[in-house]
Structure formats: structure tokens, C-alpha cells
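Structure first, commentary second.
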């Protein structure tokens, strides 16, 4: 079951690579949030209530509701054009993402570690790297934030891959940080929208040497 | 002491002999041997004309020039008898004293602010500058050959034995003669007869000097001639007894004068622009001399 | 105690946000400084006494905390001189000082934290508070800088977090699931090197954003450029130190493992490349603040180089770090004056500063001497040790290249500095500015004096603290 | 006012430092150990004859410089801040230089060294609103920084090997390590100190810094600052007392090059101060020759040679500090009177400022090494060193020596050419351009130090034995590791030197006598004043007289292939020719090929990398990604390579 979910997650990355409407990106985010919820729920079924609530909060509320809605709001508010307008053609990014996934798979072959099932590892790392790739290949600021969230999702999966979970406090802190940073980024897109006509990163390259 | 007096005496007749030789060579009935001395004596009694632009330097330079030449003469030995001034490395003093006199003469030429004399001064400075290394290397190799560093000891210890040493002697003599010619700005480098200011070296430097000063300068020139003559003489005298040396010395001097005269009447002057190369050749010749000495002493390892 | 400190400063920060009265604000600042110093003294007296589970004031943290407390005084005091004569908007002021306090607080906590994840959390908080400071001027430039800073730092911190996760995977092998540094130190030799390598790569690269090395140094430059000078002074000194602390604690752990050599090589390469990049831009930039920022990159490169060289290099690294913090912050504070005088950060429109503000100009002169590590600057001593470490560990080639680069940097920096100090700007000779009172420069002089003093004649206690903080590396 | 305070400070420092120095020259060294700090370790202070000699000459030049500076700085009273900074750094420089001579601990040595460097930097950039001055100053600063780095590296190397920052560590290094290492160390040290001293090819800062600086500063710098480099080299030779022969050959050859190159460029200069700067390079070459002889003497175990060499070097150090500072001060008088340093614009100044002209004449005769002045004495010693060397050493060094003789005599001749040009063009003839003259001649206060220097110059020329006696101990110290057998040869060579003074005296008196006779003889005779004889041309103008450039034209033609001389010319042509001109711009080949060219290349190379900070967020993230991928991939690649290799081995 988990395996299926994770594979779906990975596929969503591929879809992200070829999708060309911002709204699709947002939907993908929501989908990934749901998948995360499923995975964590199955993985950590036997843990205590508080932690469960925490996880719920982290996945369902934040990742699959709050952030997508907020993104949607931002897009609407700043009247950002709906096309993603990447630097590189979709086919190329599709190939690159695939390569990334495959190579993470190859790397995972080197691991000799009983406590870790590699599917997590592969999914997480491929999410992280393809997130990085999306950031550097997309033009719009909003897409950067979205890819950042994807990376975060990858991180969550990785933290699931870790057999032993962090102390509660630490977990809380991490959640808080992610939450804050994402919203701060969102707010800043508004600010950027105020000064520059368009949530486009072109205007944001004045500071250079 | 003896050498000093002898040089003084010889210097009186030296130029006369040169002129006489030249006149004979060109089939004229030239002036008497002592004519140049008479000229100088006359000059010494004359009044003088001096330019407004000149300053004290112009006044003092000739005296210092003569003094420097006199001191240089004092350094020279004759056979067994040392010069008045004789110590290890005295030839350094010799060279530098002469340079000091020349320095002031050049300045006095610049003092007149005339373009011609400046020209002469620049040539004089350049040529004597180029001649100095030749002299020093020559003396250095003599020092290497004999193991002494004062004229007297060097010439005393100088022996010509092997065939190579004769070759060396010839080279050394040639270099010395040529240095003498450069220093006195005589034939191959400069021709005192041509009265075209643009082509002269020493004569054009002293265009503005007159009267007593001119006399001093001329006498200094004669002394210089005799001085180099005695150097050449010493090269051959070695440590002969005194009663032989003195006549030999005088003889060689006179011969030298004749040689100069012949040279001047049968050779033509270089182009001014070629002089520099010619003088540099002297340095390389003296280097040859040095290498020859090394060969002779078997110092090659 | 640490909880008292944290809560206290958070409260003060909140009051600052809310309060609009100028005098109250001053009082709050004074109160915070007192609190800060109380904590520093307390940690000094209670060395290595665990605070709850997550904090231990060990030697390194004490050094860093005291450095921070010293620098925070002029930073906060000068904030008034520079920013608030002009537009004094209470709300903006509140946000500014509030985030200043939060920044200092989180830095302190990050130094003291004894749990790798706790360090991470507080570092993240520094990012957020710092971005508020960068945003202070609220023009397009500052927005851009803020945006880049938040984004790059968040990404880098994600890297760090991934690294931490790998570390805990490695821990997973042996049944040890608490990530206190002390425990990590103990168990490190028995861990799986594959995970350790991955962990180090991610943690190191993540922290380069704070530490100011390649690859992630980029956003920090813009931040130091756009932030108000006192904030920039903090960014280029203590905020970089926090990155160093993060790397250093991780390095301590790995120094006991079999991959120590590999780690050294990675750090060596990174550090050298950073110095190179710094040199490249030193020759290029014409903006004073950016120039200073790049010089910070260079110095962090030297520090990490020293760490990688090992031996006496460990000592040199920490000494150099501290001295650099003092020198650089003092320079940045003076640049505030410079900006006030000429209303520009561009070297072409700054000139003959010597005429307008003699003490300031002399300070910049001495600052230049200090920062380029010419004697009598204390940094000369530390660089001397670095050379010695490099020679000792046989990196002579790197040393020679580094010397060439350093010379280039001195040349470039010198050209700009002396242009600003002496040569008047055509058309701006008759510049009328209000004379800066010499007292405003006093604190900066004190900082530079500290650089010289600690370098040449370090008090025994100071040296012992440094030695103790590297005790784990000498084995 | 500030100036007076500074002079006071300099006097106090000089007094305090001179007392132990004199005691050291009389035979009782002063040793003292400060306990120092954790970093530096104990700091031994030592005033031995060597440092004493340098301390004394430093003090003299600094005092005269300060006194002269008092009047020189008068016009700048309207820049109080700059003036006070100037004087403060003057005093600091003095203190720094003295500390360098005294301290025996490398860290403190470097500190004092840098204090000195920064002080002089501030002194040089006194006229600091000129971009040119700042440029020269930065050039000086950077080259000194390179020197400091080299010194630092070598000291660090020593301390890493011998484990201490104290100077004995160096000799320990020399004893314990292989000789090749200590030779290498010596070369690094030589490069470091050579930059300060201005040996070719490390000389390029000198001709820029000296014209930029105020005259008393350039006098001080060229008088003592570059001598500190010499001091350092001598000190290091003393400490690293191994492989003298190699060191000697190295130093001798580089010095011959330095001397010839310096004077060759000096002749073609148009700016008086640049000319003097290049002459400093030449004289450093002469001093270096002395040191080289000394080293070779040590190497071949020939005390007389070593003594002559070191004595010549040390004496010439003193002499050069005297006449060079005098030259710069007189140049300062000139530049104060007529605000230019371009030689071709002067002419006939001797009428306006006779005292300056007189002093300049003395100094220039001294620098040409002409009797009866001090330059002759030291050059004589060095020359006799060469001749002794030729007599007493084997084959290879003989060739070296004969080359050196060639070089030194050539240097002497060229120097004469150069200074006849300078003096003639500046002071003699008629004025070329009517430059506005502020004040004819400086006040007596400003002339006093100059006369003091001139007096000393003459004194050394006439009574060298006194100073030779002072030199005895330093030279003995430098040749300490040799058997005392050579002392005798030293004695008689010194007796000879005392006689030189006698003959110089004779020279003076003889020329005086002749001049007297001349006066008597021509007393009553008519002296007709008239214009200079123009060889028939009746309307000569000032523009017609020989200029400095034309004076050296023949030389320039000779030397052109070796120098880099830029020319701009427009010939006279057509029936009604327009304005014709001919300019020469003497450049420095070494500077071009050793500094500018590599620097340009380097900057181009580094410019290639300036795309990094391009303001695009995507790239910033990409860097991180690439970095991670590289770091992760490289080990994997290695593993795969191993795997494949294993496979191949199985087949």
C-alpha cells in the first residue's frame, strides 16, 4: 500500500515536470499532501495520540489545505498569468527528472542498511532533487515557492524513512519553521507583486555584481 | 719623483714632435719643436674674453683640470723609482682623479650655454665613460698576472717570457694607445685639425676658454699625452737599472710621439657615430687580454 | 537560566513590537543588553553545566556569546545614530529593534544548543528575524534582497535538515536515538560512513549559506548590502559565526571517524574556491558594503582552510573568526557614517572622506589595516598560524595560491578604500554635512583595539577557552 | 608647531637610541629581553655593532630630514589634519625603523617592519588629493605587502621547523637542516628584503614613490628606508652562516645587473626625482656588490676579501644615505622655488640659488664617486676588493669579478654622464623658460641641515680613517666566523685608505694653488665680457642651447635596444613647416614584463568567473544542487571505476 502511494508520489513529480498551468501545480501540491497523510498514517499507526494529531496537522491541514489555498489566493491577488513559462521545454525537464529519479535509485543500490526500506529513500531524494531542478528551471517566483514545498514534502518522507522519530519538541519546531517560512515567502510574493507588476523573477535580478 | 719630472719635461716637447712629424709627412717645413710651448707661454700672458652666461665654475674648472692631471702624473712610477703617490690600488685613484677633472671641464662647457660646447661636452662624457671599463679590465688583468695592485709593483713584476705574453704585450699596448687617443681626443676618434665645430670633441668643448685658462688646458692636454706615453713605456721597462731606464723612457716617449704623428697624418677620422662602437671594441680587446692572462697562468680549471 | 533568558528576550521583543514611545524603546534596549550580559556572565561562570537537555554553555559557545554580546552593544547603540535621525516611524522602529533582539537571542541560543536539531531550529529563526531587518528600508532593492535571502537560506536549511535526517539514519544502526553532540561524539567512530558522508555533504552545504562560503554564499551578499549598517555589522560577523558553529560541531563529530581526511579535502576545496571567488569580486565591485561582504567571504574561507589544515590551524580558525567579527563589524558601523555623509554606497560618488570626518577616516584606515591582516592587526597573528598550519600539513601549493589571491584582494580593497578616503569626487568638493561627533566613532575604535589586543597579547583565560573549545579535535 | 614637536620627538628617539649604539661601536653590546606575550614568546633586544651602525646613520638622516622638513612643510599649513598626520607618521616611522634594527624576535620584527611601511606609506601620500600620488602609494604599499608576506612565510617556515620565533631559531635551522633548504630560505629572505632595498627586478616601486613623496620624505626613504633591506640581508647572512659562496655569487651577479640597469635608466629620465630614484637603485647595486664580495670572501675563507667587501658595503651605505638625502633636499629646494621637476624646463638656476647649486654639485660629485668626496672612498674599497678577489680566488669567481669590475667602472662612467647632464641642464647655461620664481633661496634654517650633510660628505672624503675605525667592529662581527689571521691585511688596507684622504686633500690644495696663481697672474689683465661664442651666429637664444635630452642623445641611441623608450615626433617638412616636436618617454621594461603583463593576464582570467553573482535566484540554487551532485557522484564514480577495474582483472 505504502509502496503504491509512494510510486504515485513519484509519478506526481513527473506530472509536475510536464504540467504547464500554475493551478495544476497547486493541485499537485494538495495531492502530495494527501499522499503524505496516507503514508504517515499507515506508517505511524501505533504511535501515541498527540503525535498523531501533530502529524495530521502537519500533513492534512497545512500541506494539503492551507498552503494550496494560500497559493491560489496569492496567484489570484497578484493576477499572475496562469502559464508556468519554464526556461526549458517540458520534454527536456521530463527527461531530466526521470534521470534524477533513476540516479537516486542507483545510489540507493549502494546502501546496505537493514533498518531502511529504500523506496522511501528513492522517493524522498528524487522529490528533493527534482524540487531543486524545478526551482532553477522555472521563471516565476510563485513556482519557486511551490517547488520549495515539494522539497519539504520530500523531507517529510525522508523523516518517515528514518526508523526512529525525532523528539516531540523538535518535530514541533520543524513544523513551525516550515509553516512560517512558506507563509513568509507567500507574503513576500505579495510584496514583490506590489513593487513589480508581475510575480516574475526577471525584475528580481537587479542586485548583482 | 724622477718620473714626475721626466713627464713634465717630455710634455713640453711631445706636441712639437707630433706636429713636426706631421709636417714632414706632408712634406712641409713645419714649426720648431718648441713652438707649442711658446704658444702656451704666450697664452699664459694674455688677457681673456669671457661670456656673460658663465659663472664661477667656468673660472675654476681649468685649474682643477690641470691639478687632476698633475696628481695623476704623480702616481706614475719609473722603473725602480716609485711615483710620488704609490700604494695598492693607486691606479683607481689615477682613473678617478682624471674623471674628476673631466667632470668639471664638462660642466664648464655646459656653463657657457652654447649648443656647440654642449655637443662637445656630451661626446666627451660619453666617450670617456665608454673608455673606462677598458682601462680597469686591463689593470685588473695586469693585477691578476702579477699579483699586485699598484702601478709600481705591477710594472716591476711584469715579465715577458713566453710567446703568448708578447701577444698580450701588443694587445695591452694597443689598448693603452687607443685609450690615450680617446682621452686626448686625437686621431681616430677626433681630429683637432678640422675646424668644423660640429665634428669635434675636445676642441669644441673649450671654444670659450681664452688666455690663461686656455693655456692651462692645453698644458694639461700635453701632460696627459706624456702621461700615457710613460704608462706605455713602463709596460716595457720592467725592473731595468736606473741608468738604462731614463734614456729608454725618453726614447719610448719620443717614439710614441712620432707614432702618433704618423698615425694622424696617414689615417682618417671615424664618423662620429662610429666612435662609440670603436671604443667598446677596446673593452672587448681588454677582455681578450684578460682571458689571455688566464690562459698564461693556467687558471682555467 | 537559559529559559529565563529566552522568555525574557522574547517578552522584550514583543514589547518593542507593540511600544511606540521612543524613551520606552531606549529603556527596553538597555534592559535587553543587561539581560544579554547577565546571560553571558552566567554562562561564563557555569561552564559545561547542562541547561535542561538541549543546552550546554561549553567553551566555544561562551566565546561566541561574549563576542556577540560585545558587538551587540555598538550595533544597538548605533542603530539610533544611523537610521533614526531620518524617518522615525515608531512602527518600523518597533519591528526593527524587535527583530534585532530576536536575532541576537536566537544566535545566542544557537551557540549554546547542545542538540543538533535545536541548533537547526534557532538558525532558522535567525533567518526569519534577519529577513525582517533586511526588509527594513522597504524599497524594491531591499525587497529583492529579502526575498533572495529567505529563499536561499530556507533551501539551505532544508539541506541541513536532510543532513540531520541522514545522521539519524546512521544512528539508527546502533540503538541510539538522541542526537546530543556529546552522544554523537561518543558513537561517531562506529557509524556507517556512507550515511555520515551524505550527512556531512548536506549539513555543510546547508550551513554555507550562513557561513558565507560557496555554493550558497550568494544571498548573504545582497543581505549585507541592503540591510541597515548595524544589522549588516551583525550579519557579517556573528551571523556568520553561527554557521561556523554549526559546521564546527559537525566537524568535531566527523573528526573521530574514518572519513576525517575526506571531510578535510572537501572543506579545503570549498574554502579555497571561496577565497578565489572573493578575489574575483573584490576586483570588480564598486559598492562599499558589497566589498566588505566579499572580504567576509574571503575571511571565512581562511577560517575553514585553517580548520581543514588542522594542527595549530584549529586554534587559528577560532581566533581568526573572533577577530574578524570585531574588525568587520566595526568597519560596517563606520560605513553607516560614510553613507550618512555621502548618501551613497558607490565608490565613485564617495571621496575625500578625510576632509569631512577625520576620526571616521582614520578608523577606516585602521580598519583596512586590520582587515587585510597587516601587522599590528591581530588577524596577522592568526593568519600567521594559518600559514604555519598549511606548511605543517604540507599544503604549500595551496598556501602560495592563497597568498597570491590575498595580495590581489589587498590591492583591490586598498585602491577603493584610499580613493574614498582621499581623492575628492569631481563636482562634489563643496559638500556640506553636519559634523559627526567623535564619540560616535569611539565604540568602533574600541572594537579595533580589541582586535589588536586579543591578537598580540591574548589574556590567558581567552587562550584557554579557545584551547578548550578545540579539545575534542586534538586526539 | 606640530613640526617642532615632531622634531623634538625625533631628537629624543635619536638620543635614546644613539647612546647604546655608540657604546656598541665602542665594543660593549646592549642586550635586553622583554618577556613578551603568549603569542610572541620572549622578545630579545640586541644592539650589536651591525645594528648600531645602521641606527646611527638612520638617526642622522632622520634628524636632518625633520629639520629640513620644517621649512619644506611651511606652505601646507592650510591643511592642518594632513600636516599633523604627516608628522605623526614621520615619528612613528623613525621608531619603527629603529625597532627593526634592534629586535630579535620575528613577530615583533614584522610588526615594526609594517609600522615602518605604513608610516612611510602615509608620508608618501601626503599630497593625497592627487590620484597619481595615491596610485604610487598603493603601488608601494602592495609591493611592501608582498615583501612582508615573503618574510612572514620564511619566518613561519623557520618557526615550524625550529619551533621558535626568536632569531636564534634561524641559525638553528641552518645548522640542523640540509644546506639546500637554508639556501632556499636565504633566497626567500633576499627577495623579501630585496623588494624593500630595490634590487632589480624588485625595484619598480621606487621610481614611482619618490617623485610622489615630499622631498624630505624621499630623501629619508632613499637615504635609510631602502637601507633597511640591506640591513635585513646582512642580518640574515649573519644568522644563516652557511653556503656563503652560492649566496655571494647570487648577490654579486644580481647587484651588477641592478647597478647597471639602474644607472642606464637614470640617464634617460626627464623627471629629476625619478632620476634620483633610479640612482638609488644603482647605489643599492654597488652596496650589493660589496656584500657579494664579502660573502665570496667568507666562502673561500679569505678574510681580507671579506673584510674589504663588507667594509665597502657598510661605508657605501652611509655615504649613499648622505649624498642621496642631500640631493633630494636640494631637489626639494628647486621644486619649492619653481614648481616643476622636469629637467628640460630648468636652466641657469645657479644665479638664482647659488647655495643650492653648490650643495647639489658636491652631492653629485660624491655620488659619481669622484675624489675628494666620500663616494670615492667606498667605491675605492669595493674596487680594491675586486682586485684582491681577482688575485686570490680560483677560476669561476675570477670571471665573476672581472664582470663586476666591468660593471662598476661602467656604472661610474654612466653616473658621470648622468650628473653632468642633470647639473648642467638644471643650474648652468641660461634660463630656458621663465618659470615664476617664488623665493630665491631657502632660509638659513632650511639650509643648515644641508650644509651639515655636505660637511660630513667632505669629512668622510678627507679623513676616512676615522669612519673606518668606527666600521671596524661591525665588519669584524660580520666576518666573525673566520680566523683572525686576516685582521692584519685589514689593518694595512685601512692604512691605505687613510692615505687616500691625504691625496684628496692634496688634490684640493693643488687646484687651489693653481687657481691662486691664475688669480695673481691675470689680476691686472683686461677681461672682456661678451656673449657666448656662437661660431659666427650672432643671435643665439636660450632655446638654442643644448638640452638635457640632446646631451644624452648619443647615449640613448646606444642604449635604445635595452630600454623601452616611447617616442612621439613630428618632423620639420614642407616649405613652411608647422610646429615640430620630438618627445621621449622612458619606460621600464622590467616593470612592464614582470608586473603589468602578468597582472593583466590574471585579471582577464579572473574576469571569466564574474558571472557567478548574476542576480538570478535560479542560478544560486543551481550552484548548491551541482555541488551536492558532484560531491555525491565523485565517490560513486571512483567506486564504479574500481568495480570495472576489478572486472577487467578477472578477465
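By written order: A, B, C and D. Residues from 1 in each chain.
Here is the rule we go by: a residue touches a chain if its C-beta (ideal position, glycine included) is under 8 Å from a C-beta of that chain, and two chains touch if they have at least 3 such contacts.
The structure displayed is predicted, hence computed values, not measured ones.
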Far-end chain from chain A, centres as C-alpha averages: B
Between chain B and chain C, centroid-to-centroid distance (C-alpha), Å: 78
Distance between the centres, which are taken as Cα means, of chain D and chain C, whole angstrom: 44
Computed distance of Cα centres, chain D from chain B, in Å: 36
Separation of chain A from chain B, taking each centre as the mean of its C-alpha atoms, in whole Å: 100
Residues of chain C whose C-beta touches two or more other chains: 147-148, 151, 155, 221, 281, 284
Residues of chain D touching at least two other chains: 610, 613, 617, 621, 624, 632
Residues of chain B whose C-beta touches two or more other chains: none
Chain pairs in mutual contact under the definition given at the outset: A-C, A-D, B-D, C-D
Sites on chain C touched by chain A in the complex: 115, 117-118, 120-121, 124-125, 127-128, 131, 139-141, 143-148, 150-151, 154-155, 157-158, 161-162, 165, 168-169, 171-173, 177-178, 192, 194-195, 221-222, 225-226, 281, 284-285, 290
Chain D residues within the chain C interface of the complex: 37-40, 81-82, 107, 110-111, 113-115, 118, 125, 128-131, 134, 137-138, 141-142, 145-146, 148-149, 152-153, 156-157, 159-160, 602-603, 606-607, 609-610, 612-613, 617, 620-621, 623-624, 626-628, 631-632, 635
Of all residues in chain B, those that touch chain D in their complex: 44, 46-55, 57, 59-60, 62-64, 66-68, 70-71, 85, 87-89, 92-93, 95-97, 99-100, 102-103, 106-107, 110-119, 121-123, 125-126, 128-133, 135-137, 139-141, 143-144, 147, 149, 197, 207-208, 211-213, 216, 273, 276, 283, 287, 290, 294, 299-301
Chain D-touching residues of chain A, taken from the complex the two chains share: 87, 106-107, 110, 129, 132-133, 135-138, 144, 201, 204-209
Contact footprint of chain D on chain C as seen in their complex: 147-148, 151-152, 155-156, 159, 197-198, 201-202, 205, 214-216, 218-219, 221, 266, 276-277, 279-281, 283-284, 352, 354-355, 358, 369, 372, 374-376, 380-381, 384, 387-388, 391-392, 399, 403, 406-408, 410-411, 414-415, 418-419, 421-424, 455-458, 460, 463
